[in-house]
Amino acid sequence: MLKGIPRIISPELLKILCEMGHGDTLVIADGNFPAASLSSKLITLSGHGSIAVLEAILELFPLDEAPITQIGVMETADQSKPEIWEAYAKHATELVPIERYAFYEKAKNAYCIIATSESALYANAILTKGVL
Amino acid sequence: MLKGIPRIISPELLKILCEMGHGDTLVIADGNFPAASLSSKLITLSGHGSIAVLEAILELFPLDEAPITQIGVMETADQSKPEIWEAYAKHATELVPIERYAFYEKAKNAYCIIATSESALYANAILTKGVL
Amino acid sequence: MLKGIPRIISPELLKILCEMGHGDTLVIADGNFPAASLSSKLITLSGHGSIAVLEAILELFPLDEAPITQIGVMETADQSKPEIWEAYAKHATELVPIERYAFYEKAKNAYCIIATSESALYANAILTKGVL
Amino acid sequence: MLKGIPRIISPELLKILCEMGHGDTLVIADGNFPAASLSSKLITLSGHGSIAVLEAILELFPLDEAPITQIGVMETADQSKPEIWEAYAKHATELVPIERYAFYEKAKNAYCIIATSESALYANAILTKGVL
Amino acid sequence: MLKGIPRIISPELLKILCEMGHGDTLVIADGNFPAASLSSKLITLSGHGSIAVLEAILELFPLDEAPITQIGVMETADQSKPEIWEAYAKHATELVPIERYAFYEKAKNAYCIIATSESALYANAILTKGVL
Amino acid sequence: MLKGIPRIISPELLKILCEMGHGDTLVIADGNFPAASLSSKLITLSGHGSIAVLEAILELFPLDEAPITQIGVMETADQSKPEIWEAYAKHATELVPIERYAFYEKAKNAYCIIATSESALYANAILTKGVL
Amino acid sequence: MLKGIPRIISPELLKILCEMGHGDTLVIADGNFPAASLSSKLITLSGHGSIAVLEAILELFPLDEAPITQIGVMETADQSKPEIWEAYAKHATELVPIERYAFYEKAKNAYCIIATSESALYANAILTKGVL
Amino acid sequence: MLKGIPRIISPELLKILCEMGHGDTLVIADGNFPAASLSSKLITLSGHGSIAVLEAILELFPLDEAPITQIGVMETADQSKPEIWEAYAKHATELVPIERYAFYEKAKNAYCIIATSESALYANAILTKGVL
Amino acid sequence: MLKGIPRIISPELLKILCEMGHGDTLVIADGNFPAASLSSKLITLSGHGSIAVLEAILELFPLDEAPITQIGVMETADQSKPEIWEAYAKHATELVPIERYAFYEKAKNAYCIIATSESALYANAILTKGVL
Amino acid sequence: MLKGIPRIISPELLKILCEMGHGDTLVIADGNFPAASLSSKLITLSGHGSIAVLEAILELFPLDEAPITQIGVMETADQSKPEIWEAYAKHATELVPIERYAFYEKAKNAYCIIATSESALYANAILTKGVL
C-alpha cells in the first residue's frame, strides 16, 4: 500500500499503469471475457466490479485527448446499451462501441488486460492513456 | 469463473488451495503485513478485506480438526483483542494468539500468503487445512 | 482436493478451467491424439477415459449457448459414428463433426488440450465455454 | 502411450522412474498428503487410487533388495493397520511403519512425490528402487 | 533404467516417445545432419549408430499404417541407395526418398530430432508414429 | 508516469515500494556501495543523488513509528558526521549510526537496495516502512 | 561506477551501448513515449531529461557517418519544431523528422529504447551508432 | 582447457562448433558488426582478431566442399578488396563477396555469430561447415 | 562432431570437460547409480558402458598428478574387486576405493555426473582433472 | 566497442565491473583454475593472458586503498614466487600471498571470476575495487 494509491490497485498493476505511455491501451474485462487467452500481460482482480477498477485507474492517469480512443466498449449483438455503460460514460467525451471480434483484436494488442469479476454482460472497456 | 467457486478466489489461488494438503498452512495478511518479503508463494487480493477472503476459503476446504492449529492470529502488543477477531472466531473452535515474531516465522513456512488490503490492524490470520 | 471439485480435476486443470472465458475452447484428446505437439497449454490426465473427464468439466462450467460451438468431434474417415459419441451427445444440443485437419487447426488455437488415455478411436472432442 | 507401459504412467512420470537409480525413493501420496509443499519434484495423478499407481510402477522397476527399505508406510496415531496396507503388503517382504513426522522428512528427500486422489487415510507409501 | 526399456533410450527420449501421438514425426539424424539448428526438441545420442536407435524405438511404438509416412529417407544427389537403407527397409512397407531441402523442412516440423553419431552418409530417417 | 508519483520513481521501484509492508527495510546506497553483490532485489537509479531519492520515497510511504528503526546510516571510521546526514536527519526522529559490517548484514536482509550515483561518502541509509 | 563513464549511464545500459554495432539504433524516449510496449530491450532512466542522456551516450560512441541516419526525431502534427530539438541539433549534421507511426515502427526495430522522464513533448530521438 | 583444443576457443564455442552439422553456417564478425542484434546465438571473443579465430575453428572442422559456400565475405561499397581477405583466402577455394544487406540476412540465419574485436573494416566472414 | 574428438563425447559434455579446472572432479556412473538425484550437472550417455566413456575422456584431459585423487571407485560391501576395475586401473597410478556413502557425498560435490548404462555393478568411478 | 574502453573487456564484463562497489572482489583466474565450479558469476576470456586482463581492468577502476586487500595471489606449495607476479606487483603496494584452499574460499565469495587462458602456473589474482 502507498499514500494516495487506491487500495484496489495491486503493486503489479501499479507498475504496469506507470510504464504505459501515450497511446498504449488497457482492457478492463468483465468476468466472462476470455482475458487469459487474449492477453500478453494479464492482471487478475478477482472479486471486483469493473466500475471500481475504472475509477481507480482514472485517479492515476488521464485518458487520451481524442474522444474516439478514450473509452471503447464491446458492442452488443442487438445494439442495445447495457446499463453499466452509463457509469463508464461519465468519464469520457463519448463511448465508442466496437464490434465483438474487432474488440478481441484490439484486446490482443492492448498493453494489459485486467480480468475483473464484473457480472454485468458486455461490460468490457478499452482505455487509451493520455499525456501527463 | 466457475460454478460454485466464490468470485473473490482467483484462478491461481484456486489452484493453490486445491494443491494444499492436510497440515499445510496459509496466511491471510492484512494490508500492512510484509507479505511479499516473507512469502515463498504470494497471492495478491488487493482491494479486499480479510473476512471476505476467509469466508470464501472456508467454502472450499475444512480447517484442521485440532483446535490449536485451526486459526492462529497475531498477538497485539498490549494483549487487547481487535474487533475483527470476532468475525474470525465464528469459524474456529478457538482463536490462538501467536507472538508477532513467532507469527512471522510461521508465515515464512506457510504454503501461501494472501496479501489483502484489510485496513484493520492485527488482522493477520494463519489457517491449517484439514482432511477432505 | 477441494469441496465440490471432482477428484479427477488436477489443481493445474482447475486453474485453467477457471481462467477460461466465454468463447475459449478446450480439447479433450484421446490417447492417440498428438496433444503435446499441438497444444500451447497441455494437461496430462494419464489413465483416464474421456467421458469421465468431460463429465467432470461440465460440473464446473456451462457450454456455449450456440449449438454449433458446444461440442465438436473429429470426423471419421468413413463418416461412421463412433460409439463413444453417444455419451458425448447427451451433453450438447448436437455434436458437430469437424474434418481431421480442420480439427488439428482448432486444437492449435484451443486454450488447453487435455491428454487422456482414452482407448476409443476418434474420441477427441472440442468444447467451448459458455457464460457464467 | 507406448507398448508395454501402463497407461496410468504419464510421460513425465515415466522419465522420472527411468532416471531414478538404486536407492532413490519415491512417495505415493494419498489425496490428503501435503505433496506440493514437501516435494522437490511433483507428479499429479488426480483421480487415481494409490494401489493402481503402485502396481503400475512395480511393472517398471524392482524394489530394493533390503526389506527395511522396500515399502515404508505412514504409521497411524493408534498403531492400527489401515485396510489398504494389505494390498501394499503383497509387494514387499514386509511393510515398515514410519512415524508421521519422520515420514514427512523422508518425503522431502524423495526423488519424487506422486499426488494421487486416494481417499483412504494413512495410505501414503514410500518405495526404494532396486537394482536392474 | 527400467524393465523392458532398451538401454539406449535415455529418460528424456523415453518421455518424448511417450508423449508423441498418432501422426507426430521424429527424425533419426546421422552425425553430419544439422540437428541442433533444425530441431525444436533435440535429443543427443552421441556415440551411437542410427540402426540401433531405430530398432530400439520400434520396440516402443508402431509406425503409422500408411506406407507413405512410415519411414522417409533423405534422397542422395545421384539417386543412389546407401547401404544403410537396407537395414531401415526391413521395418517399413517401403522407404520413401525425400529431396534434401524438403527433408529439412519436414525435420523443422518434427516433434523431435535425435542426433546420433552415425558415420554413414545419407543415413537420416524420419518416422511417423502410429496408433496404439 | 502517473499523476502524483515523483518522476524519479521508476515503475519497478513503485511496485516494490507498494508491496513492502510494515517493518520491511530498504537501502538507499551511495555510488560506491556494493549494492549489486549484497542485494536480493536491486533497483538502479544511476545519475541521481540520494537525497532526491529519499524525499521521493517519503512522499509515498511513512517511516516506522519507532525512532530506532526509522533511518539508519553507515557509521564512519572516525565517528565524524558527513554533511549529507543533515538532509537525512530532517526526516527522522533521530539518525541511527550502524557499524559498517553490521550495515552490510542489514542490507543483505533488506527488501530492496537502490543503487544511486551519490558521490558523497558514507551516504548510505536504511529505511523501515511504517503503517499506512 | 567506472573511471570515465558518465554516472547517468547504468551498468546495464553500458553493456548495451558496448554490444551495439555499426548501424544499430537506439531510441531516447520522452516521458510519454510508449517505451515499454514498443521495446524488445528497455532501459529505464527515470527522473532524467533526454538531453543529459543523449550527451552521455555521445561521449561513448560516435554517430553513423551518414547524416540521414544520425539522429531522427518524431515529427510534430503541425510540423512545428520543438525547442528541445535545438539541443539535439548540435550533435548531428541535420535532424531528420520521422512521421509518428513510422517512428513507432523504427522504435520496434531499435536495439534498445531508453525511457527517460523528459517532460518536453515530441522529444523522442533515434540514434544510429557509427564505426569505432 | 583440453588437449588439442586451441586456447582461444571457449567452452561454449566448442560446444556450438561440435553441435553444428553439415551446411550450418557461422559468422566471424569484426568489431563493428551488429553481432548482438543479428544473432540468435552470440559468442563474444573480445580482444581477438578475426584471423586467429578463423584459424582455430578450421583446426576443428572442415569447410563445406562446395566453393560457393566455403567462406563468404562482406562486399565493400567500392568493390575494393580489404587486405585482411588475403589471410582468409588461404583457407578456401575462393572468397565469395556478398552484398552488405544480403550478408546481414545470412547472418540472421547463421547458427552462431562470433563477435571479435577485429579492427579491420569489412572483415566479416561467413563459413559453412563441411562433412566429417 | 569435430576433428579429433571421440564421437561418444556429446557437445554438452565437451563443454563441461573444457570448463573444468585443476582439482575439479567428475563421476562416471554405472546404470544403477542415483545420478539424477545426486548431480548438480547431469550428462546422460545412455547405451554406453563406462570404460568407453573413461577412455574417451582421458584423450581430452590428464588426471591429477596426486595418485590419491586420480581415480576413486566405489568400495564393494565385501571388499571384493569387480572385474571392471582392471580396465580402470590401467589409467591411474592406483585405484582408490571409497566407502559407498562417502562416494555419494563426493558425487554431490562433483562438477558433473555422467550417467552411463554400464551393467557391471560397482562400476562407478570419480576422476580428478589435472593440469594442462 | 566503446570509446576509451579496452577491447579485451567484453560488454558483459564491462557491466560487471561497473556494478561492483567498494570492497567487492574479482578473481583473474589462470587457465587451470577451477573457475566454473567456484564462481557465481563467470566471465570467460579464452585466449588471453592474465596480465593483459589485469591492466585493462585497472584502466577502469582503482584498487582498494588498503594494501592488504589490493591484490592477493595464490601461494605456491614451496613458497617460491612465480615470475608473473612481478608484473602484478607493479600495480599494488604489495602482493599478498593466500594459501591455496583459503584462496578458493575467497574465490567463491568474489563478485566475479574471469577465466583466462593464462598458461603460467599460480597466476591467479584476486582484486578488491576501491572508491571512485
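Letters A, B, C, D, E, F, G, H, I and J mark the chains as written, and numbering starts fresh at 1 in each.
As a convention for this text, a residue touches a chain if its C-beta (ideal position, glycine included) is under 8 Å from a C-beta of that chain, and two chains touch if they have at least 3 such contacts.
The chain lineup, named per UniProt: A, B, C, D, E, F, G, H, I, J = RbsD/FucU domain-containing protein.
Note that the coordinates shown come from a computational prediction; the quantities given were computed from them, not determined experimentally.
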Practice prompt. Check I-J, C-E or C-D against A-B and flag the pair whose interface repeats it, over half of the contact pairs matching by residue number.
Written response: C-D
Response to the item:
dist(centroid_CA(subunit F), centroid_CA(subunit I)) in Å evaluates to 51
Worksheet item: Centre to centre, by mean C-alpha position, how many angstrom separate subunit A and subunit D?
Response: 49
Practice prompt. List the centre-to-centre spacing of subunit F and subunit G in whole Å, with centres computed as mean CA coordinates.
Written response: 30
Worksheet item: Mind pulling the subunit E residues that touch 2 or more other chains?
Response: 1, 10-12, 19, 31-32, 36, 44, 132
Item to complete: Assign the assembly's chain-to-chain touch graph to one of these shapes: line, ring, star, complete, other.
Response: other
Response to the item:
Listed in rising order, the residues of subunit G that touch subunit A in the complex are 29, 31-37, 44, 115, 121
Discussion item. Taking the touch rule as given, give the residues of subunit B at its contact with subunit A in the complex, in rising order.
Written reply: 1, 6-13, 31-32, 36, 44-48, 52, 117, 119
Fill in: Residue ranges of subunit D touching subunit I (in the complex, touch as defined)
19-24, 111, 131-132
Item to complete: Spell out the residues on subunit G that touch subunit J in their complex, using ranges where they run on.
Response: 1-5, 10-12, 14-19, 59-62, 132
